[in-house]
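Here's the structure, in C-alpha cells; my notes come after.
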Amino acid sequence: MINLSDFLVVSAGLFCTGLFIILTKRNAIQVLIGIELMLNAANLNLVAFGRYDKIANGGQMFTLFSITLAAATTAVALAIILNVYKRYKTIDPEKIDSLKD
Amino acid sequence: MTMERVMFYLMSVLALGSGIYIAASKNLVRSVFMFFVTLMAVAGLYVLCMADFVAITQVVIYVGGILVLIIFAFMLSGRETLSALQHPNNKFISINKVPAFLLAVLFFIVMLNVIVKGNVNNIPWNEKSVLAGEMMTAKDTTVNNIGINLMGNYLLPFEVVSILLMMALVGAAHLSRKERGL
Amino acid sequence: MNILSLLIFIPLLFGLIIVVLPSSLRAGFKYITLLATLVQLGISIFLYLHFQTGPGHAGINNESQFQFVQKLPWINLDLGALGKMQIDYFVGIDGISIMMVLMTSIVMVIAALASWEIKSNLKGFFVLFLLLDTAVIGVFCALDFFLFYIFYELMLLPLYFLIGMWGGHRREYAAIKFFLYTLFGSVFMLLVMVGLYLSVKDPATGNHTFNIVQMMNPANYDQNSVFTLFAHKTILGMPARTVGFVVLFVAFAIKVPIVPLHTWLPDAHVEAPTPVSIILAGILLKVGGYGIIRICLGIFPDIASSGAYWLGLLGVVSIIYGALNALAQRDLKRMIAYSSVSHMGFVLLGVASQTAEGVSGAVMQMVSHGFLSTMLFFLVGVVYNRVHDRDIYNFRGLGTLMPKYTTFTMIAFFASLGLPGLSAFMAEAFSLTGAFKSPSVNGYLPYWMAICGSIGILLSAGYFLWTLQRMFFGSLSLKGGDTWRVALTDLNTRETVALLTLTVLTLAIGIMPSLVFGKINDSVVGLIHFLNRT
Amino acid sequence: MHDLLPTLHSQLDQVIGSLPYFVPELYLTVLFVAVLVTDLIFGRNSGWICRILVIVGLVVVIYKDLQQLAFVVKGNPFLFNGMLLLTKTTLAFKVFTDLFAVILVAYFDWDDKLRSHNKGLSDLYTITVAVILGLHIMTMAFNLLSIYLSIEMVSIGSYLMVAYRAENKWSSEAGLKYVLFGAASSAMMLYGISLLYGLGGSLNLLDMTAGLAQANPPIASLALILFFVGIGFKLSFVPVHFWVPDIYEGAPTPVSAFLSTITKFAAFGLLINFLSPFTNPELLWRAFDFRLFFSIVGIATMIVGNFAATMQHNVKRMLAYSSIGHTGFALMALVTFTGQGLTVLTFYLVAYALAAAAAWMLATYFDDAAGAEDMAAYKGLGYKYPLAGICFVIVLISLTGLPLTAGFYGKFLTFSAVYQVYQDGHNLWLLLLMITGAVTTVVSLFYYIKIPLNLFLRKTERTTGFAAANSWLLTIVAIITILVVYLGLFPDFLTKYL
Amino acid sequence: METLTQQPGILTIQLALIAVLLPLLAAVINAFFPGKTNKAAGWVSTLAILGSCLVSVTVFFKVWNHTEVHQQWLWFTVGDSQFHAGMLLNNLSALMLSLVSLIALPVHIYSTAYMKGDAHYKRYFTYLSFFCFSMLALVITDNLFVFYAFWELVGFSSYLLIGFWYTKPKAILANKKAFIINRIGDIGLLTAIILLYAQYHTSDIAQLFSNGATGAALAAQMPGNAQWIACIGLFLAVAAKSAQFPLHTWLPDAMEGPTSISALIHAATMVAAGVFLLGRFYPVFTPTELTVLAVIGCFTAFMAATIALTQNDLKRILAYSTISQLGYMVMAMGIGAYASSFFHLVTHAFFKCLLFLVAGIVIHEVQHIKDEYQLDIDPQNILYMGGLRKKMPLTFIACIIAGFALIGLPFTSGYLSKDSILIQSFEWAEGKGLLHELIPVGALVTSWLTAFYVTRLIVKVFFGEFRLMEFDPTIKLHISDGNWQYRVPLMFLAICCLFPLFSYNPVLYEKAWLFSGFPLITGLDRVNIYHTIIPVLVNIAAILVMYWAWAVYMKKKALPLPETGFLFSFSYHQWYIDKLYEQIFVKPVMALSGLARWTDRNIIDGFIHLLANIGIAGAKIAEWLDRNIIDGLLHWLASLVLAIGNFARRFQNGRVQYYLFSMIAVILAIFIFKTLF
C-alpha cells in the first residue's frame, strides 16, 4: 500500500509543472492545459485523502464535481479564447495587453 | 516491492514526465497528446486510490470532452498556432522562462518541505479511520456509495452544477455564435 | 423651533430657495443672500442682547450653564458591545461662542456685500456661500463633538468649490492644497474623536457619548479606556492623552493656521475671490482658535497645561515668522494673508498663557481680527476689481487719486498694527498681558516669549507702514497709466457702507472693550478655574 | 457495502426539511429557467421581456428573502446536511445582493454600448440570474464543496459577462485575462481545499476546523493561504488584485459595476462563514493568526488601491482601483471578528455599494452623453449636465468618506468597531490599520477630487457632441444620491435593521 | 457708572473733561466738514482750543496746591480684575494741562495764517485738534492703559502731521521713520505697563504710585528681571518720545512737517511727554537706573548742542537744540531734580515754541522770495539769510528774547529753570566721586555751546546784509512780520518767556512758585556756594561766548573751528552717528556706496536701515523657508504618494501571465515569511 506522502509529492510535482506551464506558455490554450494540470494535481490529493473517508466519501465526490467544473471552465475559456483570436489574430497572452496602466 | 508500487511509480513517472514534456516542448500538437497521456496516468493513480469511478469519469470527461474541445480550438484558431509546428525552437531554457522556472522549483521545494514536515502519513483522522476500518480496500466498490451521496448529502451541489453547466452552455454558445446581421 | 437652530439653518433655507428659483432670476440671488445674512445678523444680535452674564452663566464645563440650548436625540445606533451609540443634536452657546456667532454673522453680511463682484455662475456661488454660512455657525454652536465634526467637515467642500470655481489663476492648486491640508487634520481628528467617544460614558444613561461637556469631566472616563486620566495608557509608546491632544491640536492648528502648517493659507487667500477670502480670514481661522479653546483645552486640560510652553512657543514663532513673511511680500493680498498668520499667533500665545487676561485677549483678538481682516481683504478686493492687479510696486500715490479709499485703508492698517482706540490694540495688549503675567502666576511661559510677541507688533508696524508709504503716499504713478487712472474710481456707496460698518465696529470695540469682555468674562473665568482645577 | 443506505432516509429528510429555508434560491432557479425559455422562444429581440422578467422575479425573490427573517431570529439553521448556513448576516447580504441586482439589471439596458450589442442582452440576463443564484449560495456556503462550487459558478458567470460584448476587442481581452487569472487562482484554491480536506478530514467546515486544529502548522497555513487565494480573487485584495483594473476597464460598464459591488457582498459573506469556526474561542487555534494576516492584507490592499489610483486618467480604471482600496477598508471591519464588526461591515458595504453603483452609472452617463471616458474629457461637463455633476460630486464624497454621506458613517463606524477591539487588547496591527485607513482616506481625496475638478473647476472649449443622455439612468442615480445623503443624515434608517 | 471721587472735585472733573473733549469735538466737526480748504475749519479748531485753554486754566487754579481730584469709571472687567478709566488731577497734570493748551492756542492762531491757501487746510486742522485732544487726555488720565493709548495717539497724530504733505517723498520717509522709532518706544512702554500691571494687578496710576513708593521699594517687590525689563522699556519709551540718544534721529527729520507743527509738537508738547512720563513713573526707577538716565540725558544734551553748532538748516538747528534741552530735562530727572526738570519743561516749551514760530515766519518769507524769483535755494538755509532785523523787527525781538531764554540769561524764564538744574546737578555730584562730576560739567559746557549756536543763528539770520542779494542784486525785499495772526502769538509767547510769569525774583529761581507744587524737592535752600556762584559764572561765561560768536560771525574773525577741521566736520555731520550706524550695521556694500554719497546718506537713517535690513533679511529667509522647506515638504509628501502609487502600477503592465507570476511570487513570499518567522 502506498503512503499518502507519495501521492502528495506526485501531485505537488504536477502542480508545479502546471504552474510553470501557465507562467511560460505563449499560447492561451497551453496555459489552459497548465491549469488543467494543476486541477488534476488537486484532484489527486482529494482522491488520495478520500481513501480514508469511506462513509462520507468527500474526496471522491469533490473530485467528480471539480472535474465537471473543469470541463465547464474549459468550455467557457475556449469560447473566449476563440473570440479573442477573432479580434487579435493571436492567442499569445503576452501580445494581448492593450489594457494596462 | 509489490505490484501496486510498481504501478504507482510507473503512473507517476508517466504523469510527471508527460507533464514536464508539455512544459518543455514548443510543439503544440505533441503537447496536447502528451496531456492526454498525463490524464491517463492520473486516472491510473486514481485507481490506485480505490477511486475507480472517478478514474472513469476522468477518462470520459477529460479525454472525451476537454481534450476534444481543445483540439477543436486548435483547428479553429489554427493558422498561427499550427504555424508553430513548422519551426519549433526546442530550447528548453529561454531567458524569459528562468524566473518562472525558479519560481516553480521554489514552490515545489516549499511543498516538499511542508509535506515532509507535516508527517502526512499519520494524520490523526486517517489513523482513526484506519482503526475504525473506514479505509477503502480494493474489495468494496464505491459506485453505489457515490450514487447514494449524490442523492443525499450532495444533492444540492448536484442540482446547482446542472444550472451552472446550463449557464456555461448558454454563455459559451452566445460568445461563439456568429453575429446575425453581420 | 429653537432660536439657535433657526440661526444655524436660516441660510440653508434661503439656499434652498435659491436652488429652486430659476436662473432667470439670477440677478436677485445676491439680494436674497444679503437678506439671509441680514436675518441671521438680526437673530444673532437678539442672542447677544439676551445673553445673560454672571457667574451662573459661565458655560464651559457646566452643561446647565449654556444658553439657548437645544438637545435632540439624533443618531441612535445599537452596536452590541460598542454599546448604544448616542449622538445628539446638541447646540448651545456660552460666552465664548456668542462672540464668535455675532462676529460670524456680521462678517457674513460684509462677505455678502463683497460678493457683488461675482459675475459667473451665480446660483452655484450663492448656494455654496449659504451652505458654508450654515456650517460655520453650526461649528460655533455645536456642543456635541460629532455634530461639531459634521459641521467642521461640511465647511470643506463649499470652500473647495468657492475657491476652485471663482478663484484666480492658480485656483486649482490652492483649492486642492487647502482641501488636503484640512482633511489631513480632520481625518485624524476623527480617530481621536472615536477614541474619546469610546472612553467617555454619560453618567445619566450609561451610554458612550459625544457630548463635549461630558468629555471635560474626568469622572466620566472608563477606567481602562484609552484616554482615561487615571491609568496612563500609551499609543505607539507615547502617552495616549498627549497623542490625542496633539492630533486635535494639529487639526485645529492647520485651520488657525500655525507655523509650520500655514502654507495653504497664502495660496488659498490669494486665489480666492474677495468674499471667500473674507470668510476664510474672517471666520475660518477663528474656527481653529475656537476649537483649540473649546476642545483641546476643554478635553485635555492636563496636557494643555504641561504643553503650554510649546503652545506659547508655536504662537511666538507664528507671530514673528508670519510678520517676517509679510514683510517680504509684494502682492498686497499675500502680505495681508501672512499678517493674518502673525495676528493669529497672538491667539495661541494668549491661550497658552492660561490666564484670564491671556484668554480674554485671545478671544478679543479673534473677534477683532475677524473684523479687521475682513476690512483688509475687502479693501484689496476694491483695488483688484478695478484694475485686476495687486502688486504693491505697481501703485504709488493712491492717496491723491482715491482719498476715501486711502482713509479706510489707513484706518484698517493702523487698527491692525495695534493703534490704541481700535480693537486690535486691546486684543494684542491683553494677549501679551497674559503672556507677561504667566511667569509670575503659573510659570507656563518665560518672559522672552512675551517680549518676542511685542517685537511682532513692531514688525507689523514695519510692513503696514511700508505698504502705506509705497502705495498710497508720494506722487501718483501707476503701472497701468491712464487706463488705470480712469479705472481707479473712489469707493462707491456699497463699499463705503461695508467699510464704515467695520470701522465703527473696530472703533467701538477699541473704545469700549466691555462690549466683548463683558460677555466673555464669566466663561473665561470659568475656563481658567477649570484649567487650574486639573 | 450498503453502509450508507440506512442513512439515506435521514439525509433525504434533511434535504426536504431544508427546502423551506431555500425558497429564494428555488425562486431564482425557476426564474433562471423562465428567462432561458423566454430567450429561446422569443429569440434575439427578447431582451426587454427578459429584463422585465428578471426585475420582477428579483423583486419577488427579495420578498422571499425578507420572509426568511422569521427563521434567522431563532438561531442559525444548517441546510442540506451542513452544505449551507443561514445567519442574520448572510440574510442581510442576500437581501442587499438582490436589491443591487435589481438596480444593476435595470442599468444593463441603459448603457448605450451594452445595448448596442448586436446579439441582444437576453443571454446576459440568463447568465446574471445564474450568477445571482451562485452568489446566494456563496453567501451561505458552509462546506468546502459548496464554497468551491459557488465560487466557480460566480466566476464562470463573470467570465461570460465580462466577455459578453464579443464584438468589442477590449471586452474579449478582459474576458481572456479574467478567465486565465480566475482559472489559475481557482486551481490554486482547489489545491488548498484538497489539503484542507486532507488535514481536516471533512468537507464540512466545523469538522474540518476541528481536525485542522491538530494538524501541523506549516502545511495547514499553506492550505489556508492557497484557499484564500480563491476568496481573494473574488474580493480582489492584495496580492490577488492584479486582474481588477484591466478587467473593470475592459468589461462593459454595467458588468464592472456588478462585479465591483454585488460580488463583494457574497465574497465577504463567504469569508465570514469560513472564518466563523476558526474564530470561536473554545477552539484553541493558534497555527494561523487570521487577524494578523488580514490586517497586513488589508493595509497592503488599502495602500495599493488608493495610491495606485492617484495616477489614473480613465474613470473606470480609477473606480476599479478605488474598489480595491475599499475592499481593504472593509477588511478592517472584518478583522474585529465581533458581532458589531459584522454589522459595521454590512453598513460599510452597503454604503460603498450604493456610492460605487451610482459612480459607475454616472461613468456610463457621461460616456453616453459626451463620450467622456478619460478625466480630461470631463472638463466643464458639470456646467452642461449640472444634476449629474452634482450627483457625481456627492457620490464621490461618500466614497471618500466625508460627513453627511453614508460613506462617512461607514468609515466612522468601522473606526469605532476597530477602536473598541483595540481598546481591549492594544493590538498594534489594529492601530496601524486605523492609521492606514486615515492616511489612505486623505490620499483617496487626491484622485476622487479630480472628477469634480474637471467637471466644475475647468472650462471646456468643445461645444459639439453633447447628446441628451438617458434620463432614466439619471433618475436612478439621483435617487441613489439622495439615499446616500439621507443615510448620511440618519444612518439609523439602515442600522436599526442590521 | 461707578464713581470713586470726593464730591467737591466733581465740577473740576467736568471742566477738565470739557477741556479735553473740545478739541476732539473740533476734530470731528472738521473731519465731516465740506470743502478741503474751508476757512471755517481753522476757526473751529482755534475756538475749541481757546475754550479748553480757558477751562484748563481755571482747572489749574482750582487744583494747584489744593486737593488732588481723582475720578474714575468702571471701564471693563477681565478675569477678576476691573479696569477703571478716569482722570487724575494733581499739580503735575493740571500744570501740563494748562501748559499744553496755552502753547496750543497761539500755534492755532499762527497756523490760520501760516497754512493759508494750503490744499489741505481742513485736514491740517483736523489733525491738529486731534493732536491737542490726545495730548490733553494724555496728561490727565489715571489709567496705565489709557495713558499708553494716548501716548501712542500723540505719536500717531505727529505721524500724520509730519507726513502732512504726503506727496513729498522726504516727508513720507520722515514720518515713517518717526513712527517706527516711536513704535519701539511704545513697545517698551507697553511692556513696562503690562509688567507693572502683572505685578500689582492694578492699572490705576494713583493706586500704583500712591504715597510716594520709591523705586527701591517697587524693585523689591518685583521679580528680579521683571523690574529691569520694565525700566528698559520705560527708558526706550522716554528716549523715543523725547528724542534721547540713541533714538533721537527721528526728530531732525520730523522737521519735514509744517513749521507750526514743529513748534507745537516737536518742540513744546509731545517731545516733552517723555519727560512727563519719567515724572509719572518716577518711583519705578532705582537709583542706579536714575544715574544711567542722568548720564544719557547729559550726553544727549552735549552731543545735540555740538551738532547744532554747525548746522545750516534753520529748523534743524532748532531741532538739535530741542534734543539738547530735552537731554537737560532727562538729566535733571536722573539727578533727582524732579521739580526743576518740570520747570525747565515749562519754560522750554514757551521759548522753543516761540523760536520755531519765528523760524516759521522767516522761512515763509524767504520762501516767498524764492518763489518770486525762481531761485534755486533752500529757504531754510541760514547762510542765505541775514539782515532781516530791519525788515521784521517784531520777529527779531521775539527771537532775541527766546534766544536769551534758551541761553538762560537773567530776566528770562530760561535763566531760572536752567540754573536750578545746573545747581542741583552740582549738588548731586558733590562727594560722589570724580566721574559723577562729569555730568554737571557736561551740562555747564552744553549751556555755553547753546549760547554759541544761538548767537550764531541770530547773527546769521538777522544781522549783516541779506545774502541773497549776492545771488542777484535785483531782489526787492518787501517782507514783513506778517499780519496779526503772526504778531499776536509772537508777542504772547515772548511775554511768557520772561521771568515774571514764573517768579517775582528775576535772579533767584528758588522763588519760583512752580516749586511749591511738587513733592520731593531738593536744593531750594541756599545751603551752599553753588547757588551764588553758578548763575554768575554761567552767565558771564555765556556772555563771553556770545561775544565771541558775534565776533566770529559778524566781524568775520577767525572761525572757532577751521571749516576743514575734524571737530567741525564731526559736529557738522551730527557726530557721524548715522554713519556709525551704517558702518556697524548696514552691509559693507552699502557702506561703500554710502561712503561715495555720504552727504545724502547722512539724511537717510542708518538705524532704520538696520531695522529694515534685519527685517528684510529675516523676511527673505522666512519666505525662502516657506517656499522651499515647508511647501517643499508638502510636495515631497505628494511625490512620495505618487512614487508608491507608481510602484503599485508597475505590475499593471497588461500581461496576465506577469500578473499570475507576481501573485504567486507574493503568496510564496508570504508563506515562506510566515513559516520562517
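Read from first to last, the chains carry the letters A, B, C, D and E; within each, the first residue is number 1.
The rule is simple: a residue touches a chain if its C-beta (ideal position, glycine included) is under 8 Å from a C-beta of that chain, and two chains touch if they have at least 3 such contacts.
Keep in mind that what you see is a predicted model, and the values were worked out from it rather than measured.
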Any chain that touches chain E and chain D: A, B, C
Longest centre-to-centre distance from chain A, chain (CA-based): E
Greatest separation from chain D - chain, by CA centre: E
Most centrally placed chain, judged by C-alpha centres: C
Most extensive contact between chains (C-beta pair count): A-B
Distance from the mean Cα position of chain D to that of chain A, given in whole angstrom: 26
Whole-Å gap between the CA centroids of chain C and chain D: 44
Centroid distance [mean C-alpha coordinates] between chain B and chain A, Å: 6
Rounded Å distance between chain A and chain E, as computed from the means of their C-alpha atoms: 98
Multi-partner residues of chain D (each touching 2 or more other chains): 3-4, 145, 149, 152, 156, 159-160, 163, 166, 176-177, 180, 184, 188, 198, 201-202, 218, 222, 245-246, 308, 311, 446
For chain E, residues contacting two or more additional chains: 649, 652, 654, 656-657, 660-661, 664, 671, 675
Sites on chain C at which at least two other chains make contact: none
Interchain contacts, given as pairs of chains that touch: A-B, A-D, A-E, B-D, B-E, C-D, C-E, D-E
Residues on chain D engaged by chain B in the complex (per definition of touch): 1-5, 7-8, 11-12, 14-15, 29, 32, 36, 39, 44, 79-81, 83-84, 118-119, 123, 126-127, 130-131, 133-134, 137, 145-146, 149-150, 152-153, 156-157, 159-160, 163-164, 166-167, 198-202, 211, 214-216, 218-220, 222
List of chain D residues in touch with chain A within their complex: 3-4, 144-145, 148-149, 152, 155-156, 159-160, 163, 166, 169-170, 172-177, 179-180, 183-184, 186-188, 190-191, 193-195, 197-198, 201-203, 245-246, 249-250, 308, 311-312, 317
For the chain E and chain B complex, residues of the former touching the latter: 661, 664-665, 668, 671-672, 675
Complex contacts: residues of chain B adjacent to chain E: 99-100, 103, 106-107, 110, 114
Partner chain D, residues of chain E touching it in the complex: 641-642, 644-646, 648-649, 651-652, 654, 656-657, 659-660, 662-664, 666-667, 670-671, 674-675
